[in-house]
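Following this line, the structures themselves.
In what follows, chain A forms one complex with chain B and a second complex with chain C.
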Partner chain A sequence: MNKSYGWAGKLLRVNLTAGKITTEPTSKYKDFIGGMGIGYKVIFDEVPAGTKAFDEANKIVFAVGPLTGSGAPSSSRTNITSLFPSNPYNAVGDSHMGGNFAAQLKYAGYDAIIIEGKSNRPVWLKIDNDKVTLEDASKVWGKGIKDTTAQLASVMGKDSSIAAIGQAGENMVNLSVIMNGLSHSAGGHGGILGSKMLKAIGVRGNRAVNIAGKGRELLKLNNYMMKDLIGANNQHVVPSTPQPWAEFSHKGSRWTAREGLTWGAAEGGPIETGIAAAGDVNRVGYRTMKATFDLGPSAEKYTVRMGGCQSCPIRCMSQLRIPKLEEYGLSPYVANSCMGYFSPQRVMFKGNKDIEEKGDGKMFAAAIGASLADDYGVWCNYGLLGTDLKHGYESGIFKKVLPADEYNSIPWNLLEEKDPAFLIDFYRRIAFKEGELAHLGDGAYWVAKRWDFGDDYWNNVKYGLWSKLGFPKHHSNETNGQVGSLISCMFNRDAQSHTLVNLVGSGLPIEIQKEVVAEIVGSPDGIDPQLNYTPMNEYKARLAKWAIIKNCLHDSLTLCNWMWPMTVSPHKSRNYRGDLALESKFMTVVTGENYTEQSLDLAAERIFTLHRALTVKNMNTVDMRNEHDGMTDWVFDKDPDIKAFTPGTDKMDREDMQVALTMFYKEMGWDEKTGAPTRATLERLGLGDVANQLAKLNLLPA
Partner chain B sequence: MKRILEHIKNSSKVGELVSKSELLKGSLEIEAPEIEKLLAEILSSEESSDIKELIGMTDSFYYSTDYMSDAYAEVIFKLKDENIEKTISDYVRKESKIYPRPTALEVFKLNPFKKNDQELEEISKRIEASDEFKDIQKVLASNGAVYLYSDIHMTKGHARGLCEWVEVGQFENP
Partner chain C sequence: MSKDLVKKVFDKETTRREFLKLTGKGIAGFAVTSSILSMFGFGEEAMAATALPEGLLVVDRSKCTGCQRCEITCTLQNDGKIQPFISRIKVSENYNFGTSGPKMNYQYEDGQMGNLKMAPVTCKQCREPFCANACPKNAIVADPNTGARVVVKDKCVGCGTCAEACPWSLPTIDPETNKATKCVTCGACVKACPTKALSIISWEDISKAHFFSKR
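Our next item is the complex of A and B:
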């Protein structure tokens, strides 16, 4: 066999019904790069129309890409693709996890794992390089993610990576996660593994990813990125406080390192982040002090260090040691980032009481909640789990729909008293599907239907439900108006796209952002100053397309879209310009084949269009405009006293958003009336077989 | 010359300007006439083109752009050369204009301003009372954080929306 560069060259197919494990060449998926691209292709080709998420016929694909494990910065992301149970049509969705799993899979020699069928007993998949076996999981079935990980790691060795589900996944809770490394979670697909009785996948690899580039080519690229391009988490390129080296600063920046700020509980005594200036490659890992950013100043003294994924210099996961957690029956160690910490605070919607000192309640709720949710493997639907609890409770609906015994057994008093002990009871009910309340774990669409949540739920600006399909806003209208809105309409779950928000949040003045956008889409009018939006134009449609396809590209290569692309840089000497061709430079060096920014963008456009085709197939309609791409009313009705396109509001205009959809469909080459991909576009992208299948299902636009 | 250059660069690294008066007083043990000559040479030489001069009312200041940004140098220069109300107001105006965004009052507790709560309260009052700064307005986020903006560059509604986003909204959309 020819030596494969970048790609491992083969993928694993695991049929749980037959207990059969085979390998296949990756080459047939090359046009889809890897990761997300392989996932969509497999699901489109192999999962019949009408299949539901927990059906035996559904498949789940764990896929990585040609840059995973190559040593390119921020490249250990695993893309998981399967039908998405919390979506009303169970339409396809992706979940993503960082950690070490992705790199280990490559080192073991695989680009993807396709899981199909259903086991009749609990099993786990053990991948030890070429030795791949299904093992009995009866000893860990019923256990949390922490115990499972510890037990399986004791079998496989410390250098392995274990991706597992908790009790929530086993019980097929729609909102459940798959997690590796105890805190790197992929939300929404845990129940699929539960339905297949696959408790975990352990992987250990000790081969290398072959690099085609000669001599120091790869190292040179790494050094270039580290010195000239990379910022802090979310590619924020200015510090959060004024600092001597920086021309600009921005309070919202995740470049939080500064004099006097420490990892207070570091082994051997506090370590000061200090000023970690642009270009200082040895201090990149100190730039993002996410513990205090996420949890407030109380977290400083508990921070052991910042952790993160294999091959990432950014370290966005704060790892804390909070001895008091033991009093709640939990380990004192907790690690997480972003939503993992925020979602328990949403559950504690009455607020948080102080625990050890003034103002530390938020941190305690976050740490206790993250610890519980991550062990049970409960997902939050990007925060809606707490929102749904709040609505059911405050509207009085729970009093009506929950049996009285159950209602009275819930420690509402703890919630009212702002005591984080409430979380212990709450997450257990969800994970074990205890009683009626546990339907919160079904996801927003299903609970709203079950409990008859009305317009006061769907159209509530404070709740932020984005779509009637049951997912919330996630960098939506507040992120460059129609552009963020379009991005948020295109997927079957919350948009997990950071390409645009990273530019908008980079901390650079609007003139520089406009210049950068003009270089991307041909006009500075693609972007407006924050909260001062103008009516739709074609450049905004182009920018939305650019942002989405870069996201699809990263989830296929796989690179972390919290960092990539390098749209801007922290250096004045570069006029703050990043390098949008950097992915192609890495691809060329790693694979030895000639890639350009354009060729990769085209592949990503293919992947995104395949997602659209798959959505059409899953929903059995071409009418994407009305059935899929709609927004809830609050987006248009918020700030009742002012009109859309007035400074200070991100309220959108109904007619203008329809224009936006039309312009976007046009940019994508989709049918302008329905928003479904046309045969001509599918064929242009090499997806003729997809067009044929859609034609057979009568799902091509007229 | 090397000693002066190093002194300027090291000071820039830690966020300080070097003043001519300090050099003339002999802080580097170089005679005053020699200082004037060396400074002139530094400023005209290609090799030290990173060294810049800011000329104030009573003194001149030097920094290296390799280690200190022009924006930071401008602020600390103003802190030495102007009154604090003007420095803060100009800072707010600039932010309202270029980003555009309102400025958290809290920023003025940090380097290079380093004012405490009481000082800030007094400064705010003096800004409010003076006609020279009548474009500087206050706006509050829902968590109580105080922001300033210049109404020459931004409306109140815009400023309120932006400070609400930075203080509250962004954490609900991480």
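Our next item is the complex of A and C:
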């Protein structure tokens, strides 16, 4: 067999109905790179129109890409693609997880796993290099993710990586996760595995990812990125406090390392994060002190260290030891980042009481909630789970829709008393689908429909519902106005696109950001100062396209879009310029083929357009503009005393947003009226077969 | 600076003592940084081309975050591919459940699924190396330049006796080449660690090394 570089060269197909496992060459997906690209292609080609998420005919694709496991920084991301149950049309969605799983899958020799059919008894998939078997999972069915992981690892070996669902996934809760490690979860697809009775996938790999170039060349590229380009988490490139080495500082930056700030619970005594200046390769891992950033100053003394994914030097996940958690029946050890910690706080919408000292209530709620949710495998729909609870409770709707017995059995007093013990009861109800309340786990669209949530729900500026399709804003209008808004309209769940927000949040002054944007889209007018937006222009449409296709590229290569692309750098000597061709440099060394930024962007454009075509197919309409790309009213009606496009507001304007959509469709080569991909564009991108299938379904725009 | 000259510089006892003194931190905090090396006239090029002097790799596990960049770098440097399984420093195999694997009370034992402590394991470059002594082909010898115990590829038959013999199971047979791999103290991982958890210390301090890289 010819040596395969970058790609492992083959993928696994597991048919659960027949219990059959086969391999196929990856080469047929090469135009789609890997990860997300493989996922969309498989779902488009193989899942019939009209299929629902939990149907046997639905498939789920775990895919990695040519850079996964290659050692490129932040390259152990698993992209999971399947129909998305919380979406009203069950239109396709992606969920992603970091951790070790992605890299291990590559080392085992696979670029993807396609799971199809449905088992009639609980099973787990054991991938030990070439030996791939379906195993009985009856002993772990019903167990949480942590015990499942430990039990399966004791069968497979301590060096394996296990991705599992918890009770929520087993019970086909729409909002459930697939998780590996202690905290690396992919939200929204747990129930698919539950519906197929596949409890887990264990993988162990001892093969190489081969590279075409010399090891030394790749080491050089790694060192270049580590020294000249990389910043802190979210590619923030200025420190959060003024430091002698830095020209700028910015309060919101995740580059939080500073003198006096420590990992307070490290073995053998506190370790100072200290000055971790730009260029110091051996301190990159101290730059992001996320524990205190996410949880407040109380968290410092509980921080054992920071952690994160295989190959990633950033370490954005705080690893805490909080002895008091044992009093809540939990392990004292907990790890997570961002939403993992924020969403329990959204559930505790009445606030958090102090536990051991003033101001530590937030941390306790976050840690207790993360620990529970990550074991049951409950997803939060990017925070809306708590929002929906709040609305049902405060509007009095629960009093009407919940049976009285059930209502009275819920410890609302704990919630009122701001006691995090409420979370113990809450997450159990969701994971086990206990009673009416558990419909919160269906997701925003479904609960709003079931319980008749009205306009006061959808249009509440504080709730932040972005789309009537039931997902929230995730770096939307507040992130460069129309550009973030456009990005947020394009997917079937919250946009998990960090390309733009990382630049906007980099900490660099707007003047520099404008120069950078001008180099990308041809004019500084692509970006505005925060809270001071101008009407739509074509450069903003280009920037939105740029941000989305980089995101699709990273989820296909796979690289973490929470760090990549290297748009900017922390070095003044580089004039703060990053290197947007870095992905292609890695690809060229790794695969031995000549890649450029343009050639990769074109592949990513293909992948994103395929996503759009798939959405058209799933929703059975070409009218994307009206049926898919709509926004809730608060985006336009907030700040009633300030007009859009005047300083002090990030409200958008209805007509202007329609112009924005038109300009964006034009940039993409989609039909300007409906926003559906045209045959010409599909063919330009080598998607002629997709056009043919859409034509058969009568889903090509006129 | 030529390879020979570099070696001469480091062969002088005084220089080595200077080298340690310069860090001003004692053994535990000692790390070979490019700035220190540049004081001795090493450029980036020389560092890449030259094995570091007699010493061994130690790890301060409280600083290890489990990123596994050391493993990636080790196999890129020594094998020209990325294959953590054969890395000469072991992090990933102990990542979730420590060195002894999952146990009933895993939540309180080493590892990411437990008490969050990482358990990287490094080669001790033993004075009486179990691996070399056990090898039926005499394929593990002391490198004449560095003193590190190294595998002579041509002699190795991939029988795995060294891996069995090493108390820490550090040598690993590459399933793709059927040759043993073990640490040569090249220092590439030290240069790559994003949290300075690794250092190369002088060979005489081996006993301390055992302490710091406790397993």
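Heads up, the rule we're going with is that the second predicted complex is superposed on the first by the 701 of 702 C-alpha atoms of A that agree within 3 Å, B and C clash if a C-alpha of one lies under 4 Å from a C-alpha of the other, contacts with A are read in each partner's own complex, and residues count from 1 in each chain.
Criterion: a contact is a pair of C-beta atoms (placed from the backbone, for glycine too) under 8 Å apart; a residue touches a chain by one contact, two chains touch by 3 or more.
Predicted model only: the values in this text are computed from it and were never measured.
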Residue contacts on chain A - larger count, chain B or chain C: C
Chain B versus chain C as contact partner of A:Ala49, first or second or both or neither: neither
Contacts of A:Thr649 with chain B and chain C, given as first, second, both or neither: first
Which of chain B and chain C A:Gln319 touches, first, second, both or neither: second
Contacts of A:Gly215 with chain B and chain C, given as first, second, both or neither: second
Contacts of A:Arg207 with chain B and chain C, given as first, second, both or neither: second
Touched partner set for A:Leu531, first chain B, second chain C, both or neither: first
Contact footprint of chain B on chain A as seen in their complex: 241-248, 250-252, 259, 294, 338-339, 342, 383, 464, 473-475, 478, 505, 509-511, 529-532, 572, 642, 646-650
Partner chain C, residues of chain A touching it in the complex: 69-71, 73, 100, 103, 107, 146, 149-151, 153-154, 157-159, 161, 181-182, 205-211, 214-216, 218-219, 222-223, 226, 266-268, 271, 281-286, 304-313, 315, 319-321, 331, 333, 335
Interface residues, chain B side, partner chain A - complex: 12-15, 67-72, 75, 98-101, 104, 107, 110-112, 154-162, 165-166, 169-174
Residues of chain C defined as touching chain A within the complex: 31, 33, 48, 61-69, 72-73, 75-77, 79-86, 92-98, 100-102, 106-108, 112-118, 175-176, 188, 191-196
